[in-house]
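In what follows, chain A forms one complex with chain B and a second complex with chain C.
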Partner chain A sequence: MLHSLDQILTAIYFWGFASAAVLCAFGILFGRHPLNAAICLIGTMLSLAGIYALLASPFLAVLQVLVYAGAVMMLVLFVIMVLNQARDHVLPRFDKLSLIGAALPVLIGVLAVATVRHDHAALTSSATAVRAGVEPVATALFAPTKGYYLLFELVGVLLLVAVVGAVLLAKRRLDADPGTTDHPAGDAANGSVAQAGQNGKDAHHGH
Partner chain B sequence: MDCCLTWASAHLAQIVAILLPITMPLIVFQLLPLVVVMERRGAAFIQDRIGPHRAGLHLQLSSVKGVFTGEAGGLRLRAFGLIYNLTDIVKGLFKEDFVPPFANKPWYLIAPIIPVVIGILATAVLPWFAPFTTAYGQTVSGQIFAPEVGLLLLFALSSLSVYGIVLGSWASNSKYSLLGGMRASAMLISYEVSMGLAILGMLLIVGSFSLTDVVEWQANHTWGIVVQPVGFLLFLVSMFAETCRTPFDVTEGDSEIVGGFHTEYAGIRFMLFMSGEYFHILVASTLIATLFLGGYQLLPVPGFGTAWLKANLPLVVCGFTTITAIGLFVAVKLILGRRAHWAKRNSTDTALRVREYSFYATVLSLAAVGALALGIAVAALWHPQPVSGTIAAGTAIWPNSVNIVTAILQIHILLGKALLLAGLFVWVRWTVPRFRYDQIMGLGWKVMLNVALVNLVLTAVIAKLVKGG
Partner chain C sequence: MGIDPVAIQALAAAIFAIGLAAALLRRNLFIILMGVELMLNAVNLSLVGFARTLPGDASLIGSLVPIFTIAVAAAEACVGLAMVICITRRRDDADADAYASMKE
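Let's turn to the complex of A and B:
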């Protein structure tokens, strides 16, 4: 099946990225420390970005890194500032909820295999055709005939509403606490960092 | 010999494709000690101190003992503070690789590597010279990796570099480190927003994410700083924040949180963090030069692009060598002044100093004469032939060598601009005091974000009016 150097390299890269993605996914599942799980999540995201790049979708690949790396950064910060490592060491790896979690990937896997078997031709890629590059994405999103740009703008407004809502909720809590009102927001953030426990030394803080 | 040249000429694209990924990160790495010396001497100059002047190589060819003791009669080379880099490396390598108790060992050990790796990867996307077509019809790209999403890839890499700081600070298990890491994460994420928006105006005008396209547009029109002065300023400030340099160095604010995220680090891992920072500065300077200062283009005037460079190569090479020679002669004059100054004083190491300065003067004079000779040789041996000539017996070597010399010149132009900007980083560091945390957040979200948005909208309107369509 492998005819040229390109194909051989593509196969090597694909299997490298794919196995890295799966290994990191298992790391998320079985890692007990939430921070390790978060870093494994980044590993999965980066491997997926590599696979997107192999699928001739550079824009998608870069967005995968840009967006998800930032998002997982937030997760890491939550882990550092909110979660308590000492307690998580005691928690069991699996509970009853895990069963639902296990059923979902099986379902998706079955669907994926069924799709591949059903319509094999649609999945063959050509090396020259760029799928999710800058141009195709831009035309798909912003072509006046398709009208997706309206949806795009609506999603933007939705996100703005979410941000305003979050600020409102946070501000109400800040106002309720007399200690933080006369300080700049930055100082409040600093103070909460100082109290964030890590490595179980501040197990009694209770967040 | 002849067939070797012909073979190399025919496979130029492959040779460059192999050489470029090896040489460019190494070249940028080679500049790290230079930037460190610039920083130390710049600090000394601004604070009216002498600066690094002690560490030196003691050479005494007559006895091995003298190499280490530096007895009178030997030659001491301090190389204007460059030797300190050598001693730093030796110290870093031989210090114990200590992991503090209760630290998270794996992440503590891995974290300092991340910024350096990101810095090395970033050199792959930057365009170092103009792409050219060889006489055999191969296209050689000036980027190691030239995706159409070039700039976005750089931003993606830069968003990953936060992890080194945050992981290192968290894994150190120290309050000061954690505070520094949290400040870094908040600041870097905030300033990434205005960094992205600051650049959008330029990208809108150019109409491409590709960095080579940005530079080519600047070659055909004018430098980005002229059309996007506000964007340049915003991007410059964001870059100071992204590299965690003063006035944005709350991450390691030594007067408040000891050393910030690298408080617990010592030895080679601390030096990895430091070299990561300087690498980041060099990459940021190169990026600013690429986006707003014409990249590898010599002049901010249209018509003086790569084609002009190739057509007037001997003139440009002679100009470069002449300027280099003049600079070296000025340096020699200054050094001779220092020698005269020390020769008058009757200190214990007068002889040592006079010998040292004489050595520098000799070496630099020889280099200046060499540069002049190179320029004269180029002018004398220049024999114009068409750059895009057809391939006859062996003549393809000529256009290819024109291309190669142009590429090397352009790398020098770009790195020269980058070093000047790195000098700006140093200048600002020792001039502007550190911002408070809330001032940084206020500047990022209340000022820069809004200015960037207004700039973007205005640029979009003007671009629409000018370009039409």
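Let's turn to the complex of A and C:
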């Protein structure tokens, strides 16, 4: 059977990206430092973006790089640094109790592969599959006959709620008196903002 | 058309299993969160892989669902990291075993 150059290159790229993804995933599982694990996770996400591009989904590949490898992992790295977890120490990997749980992931992985292998004949790539570039995806997403655009709006609301919730959770105290915070030596801008908030509250109480 | 769908599903299963192991076996809060992210990524890959086996316009749906998954995962990471900030503020420790006060 004669393979074209295209097929050979696709196979080389796919197995390269796949092995990189799995290696980086193992890097997270066995990582000795949160920063190392985060860099490995970025490696996995970039490899998966390459695989999406191979699978004729360039829009998802770009989204994966922008949102996951760019925004989400930047946030994770930022929080690790802010919380001073980047100290020069090594994490313990596993303890005895956690090794008991190792059976479950192994079982799930084996079961998933066995299930897919079982229906091998039904899984063949379709010759008429549409290349999911920006235009077909946008047409399908905002088609008035389907409800995806409503879902899109709902996801916007969800993101807004998540941002507000994150600010509420991570803020030190909502009704903090600026004079008695844990960091009295906060910078002037912060102090003035807190002062303004206090004034606003006082005005509210005055009503 | 190139890549064997079974290979894609096997890769997705492997990444999901590694992510599950990282979330279950490790004790560091950040690595638990990263394990969850890894599982979400594996599910996205599985969706795209299955969508490529569908004919015509149906194959686009597999690119629509991961868009929402990515958005929800971003929201999840946002709230999850805020919670990590919240609880590491109580005690400067990112070890999940340090917060087992319900056990005592």
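Observations on the structure shown:
The definition used in the following text is that the second predicted complex is superposed on the first by the 113 of 207 C-alpha atoms of A that agree within 3 Å, B and C clash if a C-alpha of one lies under 4 Å from a C-alpha of the other, contacts with A are read in each partner's own complex, and residues count from 1 in each chain.
FYI, a contact is a pair of C-beta atoms (placed from the backbone, for glycine too) under 8 Å apart; a residue touches a chain by one contact, two chains touch by 3 or more.
Quick caveat: nothing in here was measured; it's all calculated off a predicted structure.
In the superposition on chain A, contact of A:I80 is made with both chain B and chain C.
In the superposed model, A:V134 makes contact with chain B only, not with chain C. Once the two complexes are overlaid on the shared chain, A:L99 sits against chain C while remaining clear of chain B. Looking at the shared chain after the overlay, A:F59 reaches both chain B and chain C.
Contact comparison for chain A: of chain B and chain C, C touches the greater number of residues.
By the touch criterion defined above, A:I42 reaches chain B but does not reach chain C.
In the superposition on chain A, contact of A:A69 is made with chain B only, not with chain C. Residues 59, 63, 76, 80, 130 of chain A lie in contact with chain B in one complex and with chain C in the other.
Interface residues of chain C, counted against chain A in their complex, comprise 1-22, 24-28, 30-31, 33-35, 37-38, 41, 44-45, 48-49, 51-57, 59-64, 66-68, 70-79, 81-86, 88-89, 92, 94.
Those residues of chain B that touch chain A in the complex are listed here as 102, 104, 107, 147-149, 152-153, 155-157, 159-160, 162-163, 166-167, 170, 173, 175, 178-179, 181-183, 185-186, 189, 192, 209, 436-438, 440-442.
On the chain A side of its complex with chain C, the touching residues are 6-7, 10-11, 14, 18, 21-22, 25-26, 28-29, 31, 34, 37-38, 41, 44-45, 48, 51-52, 54-57, 59-60, 63-64, 67-68, 71-72, 75-76, 79-80, 82-85, 91-95, 98-99, 101-102, 104-106, 108-109, 112-113, 116-117, 120, 123-130, 132, 136-137, 140-141, 148, 151-152, 155, 158-159, 161-163, 165-167, 169-170, 172. The residues of chain A lying in touch with chain B in their complex are 35, 39, 42, 58-59, 61-63, 65-66, 69-70, 73, 76-77, 80-81, 130, 133-134, 184-187, 189-190, 193-194, 196, 198-199, 201.
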